[in-house]
Amino acid sequence: AAEDGNYVPLLTYRTGPYAGSGIHIANGMNDYLQMLNERDGGIGGVKIVIEECETGYNAQKGVECYEATKGKNAVVYNPYSTGITLQLIPKAAVDKIPVLSMGYGLSAAADGNTFPWVFNVPDTYWDGASVAIKYIGEQEGGLENLKGKKIGYIFLDAGYGREPIPLFEQMAEKFGFELVKYAVPGKEMQNQSSQWLNVRRDRPDYMIMWGWGAMSPTAIKEAVKIRYPMDKFIGVWWSAGDDDAAAGGEGAKGYKAMNFSGVGSDYPAIQDIKKLVVDAGKSQTDPESIGSTLYNRGVLNSVIIAEGIRAAQQLTGKKVITGEDMRAGLETLDLTNERLAELGLTGFAHPMKVTCEDHAGSHPVFIQQWDGEKWAVASGWIEPMKDLVRPLLEAAAKDYAEKNAPWPKRTEACPN
Amino acid sequence: MNAIISNNELPQDDFAVEREDLLRVDNVSLSFGGVKAITNISFDIKKGEIRAIIGPNGAGKTSMLNVINGFYHPQEGTITWQGKVRRKMKPYEAASQGIARTFQNVALFKGMTTLDNIMSGRSLKMRKNFFLQMAWIGPARTEEIEHRKKVEEIIDFLEIEAIRKTPVGRLPYGLQKRVELGRALAMEPDLLLLDEPMAGMNLEEKEDMSRFILDVNQEFGTTIALIEHDMGVVMDLSDRVVVLDYGKKIADGAPGDVQASQAVIDAYLGVSH
Amino acid sequence: MLYDIFIDPFVQMVEMPDFFLQVLWEGFVAGILYALIALGFVLIFKASGVFNFAQGIMVVFAGLTLVGLHENGVPAFLALILTIGVMGVLAYGIERVVMRPLVNQPDIILLMATIGLTYFLIGFGEFVFGGEPKRMIAEELGLPTGSTAFEMGERGLVILQHIDIAAAVIAIIMVTALGIFFNKTRIGRALRAVADDHQAALSVGISLNQIWAIVWFAAGLVALATGIMWGARSDVSFALEIVAFKALPVLILGGFTSIPGAIIGGLIIGFGEKIGEIYWGGLVGGGIESWLAYIIALIFLLFRPQGLFGEKIIERV
Amino acid sequence: MTKPNDAQTVDAGAETILSVNNIEVIYDHVILVLKGVSLTIPKGGIVALLGANGAGKTTTLKAVSNLLRAERGEVTKGKILFDGDEVQSLSPNELVRRGCIQVMEGRHCFGHLSIEENLLTGAYTRKDGAAAVRADLEMVYNYFPRLRERRQSQAGYTSGGEQQMCAIGRALMSRPKMILLDEPSMGLAPQLVEEIFEIVKQLNDNEGVSFLLAEQNTNVALRYATYGYIMESGRIVLDGDAKALRENEDVKEFYLGVGGEGRKSFKNVKHYKRRKRWLA
Amino acid sequence: MFYREAGQFKTSYEADQSLFPIRQDRIGLAVILLVAFIVIPLTANDFFLTSIMIPFLVFSLAAIGLNVLTGFAGQLSLGSGAFMGVGAYAAYKLTSIFPDVNVIFLVLVSGVFSAGVGAIFGLPSLRIKGLYLAVTTLAAQFFLEWCFIRIPWLYNYNASGAIEIPKREMFGVTISGAEATPIARYFVVLVITVLIAGLIANVMRGRIGRSWMMIRDMDIAAELMGIRPLQTKLLAFAVSSYICGVAGAMMVFFWLNAAEPSSYSITLSFQILFMVILGGLGSIAGSFMGAAFIWILPVFLKFVPGAIGIEIGAETVEHLTFMIVGALIIFFLIVEPHGFARLWQIGKQKLRVWPFPY
């Protein structure tokens, strides 16, 4: 299928317990790529061959999708599940197909020297965690005012939610605040009353949430129930869905979340999607969900894929590229404001750049706030605390390589 | 001809004097909540005899067997096994001491074939450990074959060759009873407890079964305790009979005497046979 | 350490009575909600000895049907009535297609059949309604929203959600109604007979078909009530199916066949779990709720192997 | 099937309550158990079905009461008429409603129900009110006083004989026109066996209930029955008036145990393999 | 006609007790082994090996493990997923503690740990029976799952909370880690599975297998015949957990390469249980058939529409797959409640009498 186009398999989930979040992402990714096909005839004159494979957020099925599609000259994989990402990381180097885990997955993979095949632009979870604390500091009038404060962290009790903990702990020590952790077991996602009772007892000054799927709306509802001040409740970018916040009804007004992709549907490119894809009946997207946070996140993901392909085409001069080409392309990714404007996405994301050393780039993130009906931008771009994050990343990468010894040394040349 | 004495002090007849007790039950009582299943019963079973236990339905016969092989624990009374007073024990301990039984409601292992059911009677006699069994070749197999030979003898003896490989769940009732007897025999017990082995059989089959029971008793010298409602069978086969009614013993003695006893006729036999 | 285990929690309970009351209330509500799920299981188990694995998905299915109909413009109450109808059709279908051909089979086989049913309903439900979570139309159905806070002492506060109160009331009404239906009627006795021995029940003229259709329908209604209540708490989504696992310890603790057992079991688990998690969970890093319920149930079982109100397991030869 | 057979059913319809015409039964789609069995039970008759273990008596009764499906068996050929109607396709409960009930072999009481509840389930199909049911309950207790004593006990814990009485009592509670009794005497004390057959006789005389008895206890069965069939390996091999059967030499020898010289002792039975068979 | 045992006489009990007394069965087995060891490796592509054969074998082994407990010894367990997890985590720890020891050996040893854990959770089975026993195994399931998350030592304090499999070699061939070729991993899995299946089949036809079945079919009678219930049940728990543990270790070492705690969730337990019931309780061949049905059928269904060029959305395929699998489960249960193994037997029986029915 892929001789005449660039084959992009999309591992998505529109079924299972996480479908609520997964559907929007899937729609966003799919629609943008289709729009490119419709509008521009693909990228660099060749079409993009899109194939969705349903994973149900299940690692086994994810691997199965990977195995079934990799042989068709897949150029890149977006697993959309930390579990699947972890399975694919070691395979990426062997099969020579890059893994793009945008804002999730293994944070350590930002170390391009250890993980040449994995990309997690624009940010790692540690970047996110540092932004959250930095923002709280700003609210309090400076990081030094965090001393003596109590910050609660409620998270999905899995690798995903546990990953930021070391950094939080480090920051708690450094800035002198107290960190209180509330683990939500995956099975108890929809049954969080104990955790929130504890929140009520502990009365943390701020709450930070790492939730996904059904966990986020339930947490927001519970927060409303215990009358937690919503403007002191900040979610990671994966807890920033419109449905998540809407679940809390009136009371959810004021809830905040980090984000790195644009809010709303007023971007020309998104209007193109609406016109050429959704209104043309070529997608399953509910028109109302266009412009929602997770939908736009999916779009941004596809923007990165598309830009990666374009970069690879320029680098190699080929039209139909391979996974190896794509890897090189992604490593030269440089999404400037000008380029964003060309794409019809001015202000949709912060400019981002990937280097051979840094596959995440620790790009700035902004905070958005729920006004009871939709999200509104509530802050400027906030830089992650690179000085804290980067050493942690490198240590983690080293640790990973050691534990998985013999981990292959980087042999891939740096394309720039 | 003598009157049946319905208390515990039985005159020792010749038969009893000759042989020693295999099992004695003394003043045993058993009740479930309000239901008294057994009230103060004593009797003995001598080595080598066929001892029948009869009585109307719900008299406590099955419960008595359950007491003997340790499935029920009587509230009062003692049980003496081969001269030693037995402590409260688990059924599997009773089994390892040499007590085997069949059940009133056939209790075969439904998912297994006839052969396996009878082989299962040999469990206690087989020793080879897990790892040897895993390897199969060698000691475990030798052992298995050795026991298989014994089992084949029993199969032969009971004339059930044809159903060797049939899952027992599909067998008609009468054959199931026979397999069950085979399974108990495979244990080579000292005492064999048979709970209505001939229920649901026609005459011909009862004759066969009688023959088996007599053969077991005579050829292997196995002591047998037998519950049966067919008086013909009881009278013909047993050496001594104990009669229970409402959990109490109402008679004990030679078959002829028991059959003639008015108490037994009233409680159990109805019209005389 | 010992202090943390044996003294501190109690000190806390006394020092913050408002909070303790809140914990108890949450435990109560959780218990009631678990009991609702368990009730669905009990009905079917009681009537056929079948452990209905599909109860969880029936909850989702009922909730989605209700919300889905409403989304398509059907007024809330009409949607409710239509959903009841759908559950009736489902019950009839299950009886006809699954139960009837499998009469007199071992329990585990019937369990497996309900698992097949689960698969089917998941696929069918997602096919029809999509995988997105949906908001329960609690308000439209006239269920109370909002909450009442009771002041206690200076800064104490006990917050009662109205929807939770409604859940408790509905659960209690259902349990009473079903309890009366199954214990005081001819059908109730027949149900228990069926659970004991299908074949014998057939032989005395009990119509298994009719009985099963009735109980599956009843279970469908319970599922609907459960779906509404749980849906109002979180959302109606396929993730709710997981919550159904919580019914297992409740069921086992209460005894598979007892309707009051479902409620009492639910409350024990609800209280135990909340108190355990809040006052002791922190010692081991929290999240012990995921297994505490099972351990509580296990401890009870060691003393009563048939559950608190279950029918005694008959052992006799 | 032959012509006469058909003709017989047509004109026998008037006084026949149950007629089984040349049925075949297969279990599990492969095991052929009944190979063409025909029986006729006249209204108000007591018919005994005799035969060795595994002959197919139970299967025949289940075929009539339509319980085979639950055992993965099916009637593949032949016809069964009850009260003039074909009944193969009826559900068991419909049959009970029409007055044909089976007492299953091996008791099958509802273990978790008390004896009294067990008896009451027997009245499930009745619509004639609680008072009538109570009266019948009283009647059953009068037939089986033992049951009255144990009325509150869980059936699962009662003795084998008590369960047997319970199963029979339960069937009586449905006020049937016809009872299929599978080995009623199994496990009952001799006195009770007589009593049960007396009850059968009473019901037959007073209420006109018809009976089909599968019995091993040939002796008693032929004393109470009016007609008998003898089955072997899935076929009827002999039938006739009970009296005639009792006189039949073969029956005498193999089923009644009275050879030429009276009853022989079980002790003296010779150990010999299979005896003569009607069918080779 | 073709399937006749007539004319095959056994002259010794040895011959009669061999695993496959009938010649056609022996030939059949030989053909299957030939295909598994020679034809498949020669012809199959990577997808077939990695996504179908390896998982199928791993699941078959796990199903055999659960079958020992549930099918043979009659103790219902919903904890097999967690016991598999114990094996996986144990093997992972062992490889990091003993990096130089052969990984296959470590995988086989890891089962010992899950055997131990299994036996502990088997203790209540003495008192608790039937469905109620499910609660103990569920407690095991959830408690162990919680441990996999909460005891970072188990996953070497990885930030991701997952275990990742390092590269290991045997005889110069890489057999674990991402670089291991599907063929190499396939052979490892195949050999271990066939070996254990064979050994367990041996156990099943001997005293111990019988004692398990006795407990299953009628525990009271078994006890009255001298079987010690606790010992026998615990042995079943231990053996079953051992096998599940090895399967769990193989699952991560030779199939997935990395595993999170959620890989060993209750869903896995149920999946294995479905395989066992559908395949046939108490049948080793059935375990293979059940695994094939539950694992291969959905994969097959999922990729069929694409392969024959029908354009339907990925999630629609998934929905349809669920519906079809669900309907087929019910269908097969109605056709033969005792699973594929029995269906197979009946099929053979029909073949035996073919062409004359009955």
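Letters are used for the chains, namely A, B, C, D and E, taken in the order the chains are written, and counting of residues starts over at 1 for each.
Going forward, a residue touches a chain if its C-beta (ideal position, glycine included) is under 8 Å from a C-beta of that chain, and two chains touch if they have at least 3 such contacts.
These numbers come from a predicted model, not from an experiment.
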Number of steps on the shortest touching-chain route linking chain A and chain C: 1
Chain pair with more C-beta contacts, B-D versus D-E: B-D
Of all other chains, the one whose Cα centre sits farthest from chain C: B
Farthest-lying chain, centroid of Cα atoms versus that of chain D: A
Chain centre separation in whole Å, for chain E relative to chain C (CA means): 32
Rounded Å distance between chain A and chain D, as computed from the means of their C-alpha atoms: 74
Geometric centre distance via CA averages, chain E-chain B, whole Å: 42
Whole-Å separation of chain centres (CA-atom averages), chain C against chain D: 45
Sites on chain D at which at least two other chains make contact: 157
Residues of chain A engaged with two or more neighbouring chains: 14-15, 157, 185, 187
In chain C, residues with contacts to at least two other chains: 126, 131, 245, 285, 287, 290, 317
Chain E partner contacts - residues on chain D that touch it in the complex: 26, 28-30, 32
Partner chain C, residues of chain A touching it in the complex: 13-20, 22-23, 157, 181-185, 187-191, 193-195, 197-198, 200-201, 213-214, 217-218, 221, 225-227, 243, 246-247
Complex contact set, residues of chain B against chain E: 69, 71, 90-92, 94-96, 100-101, 103, 107-112, 116, 119-124, 126, 128, 130, 133-136, 140-141, 144-145, 148-149, 152, 183, 187
Chain D contact footprint on chain E (complex, rising order): 346, 349-350, 353, 358
For the chain E and chain A complex, residues of the former touching the latter: 45-47, 50-51, 55, 96, 99, 142, 146, 149, 156, 158-162, 164-167, 177-179, 255-263, 265-267, 299, 302-303, 306, 313-315, 317-319
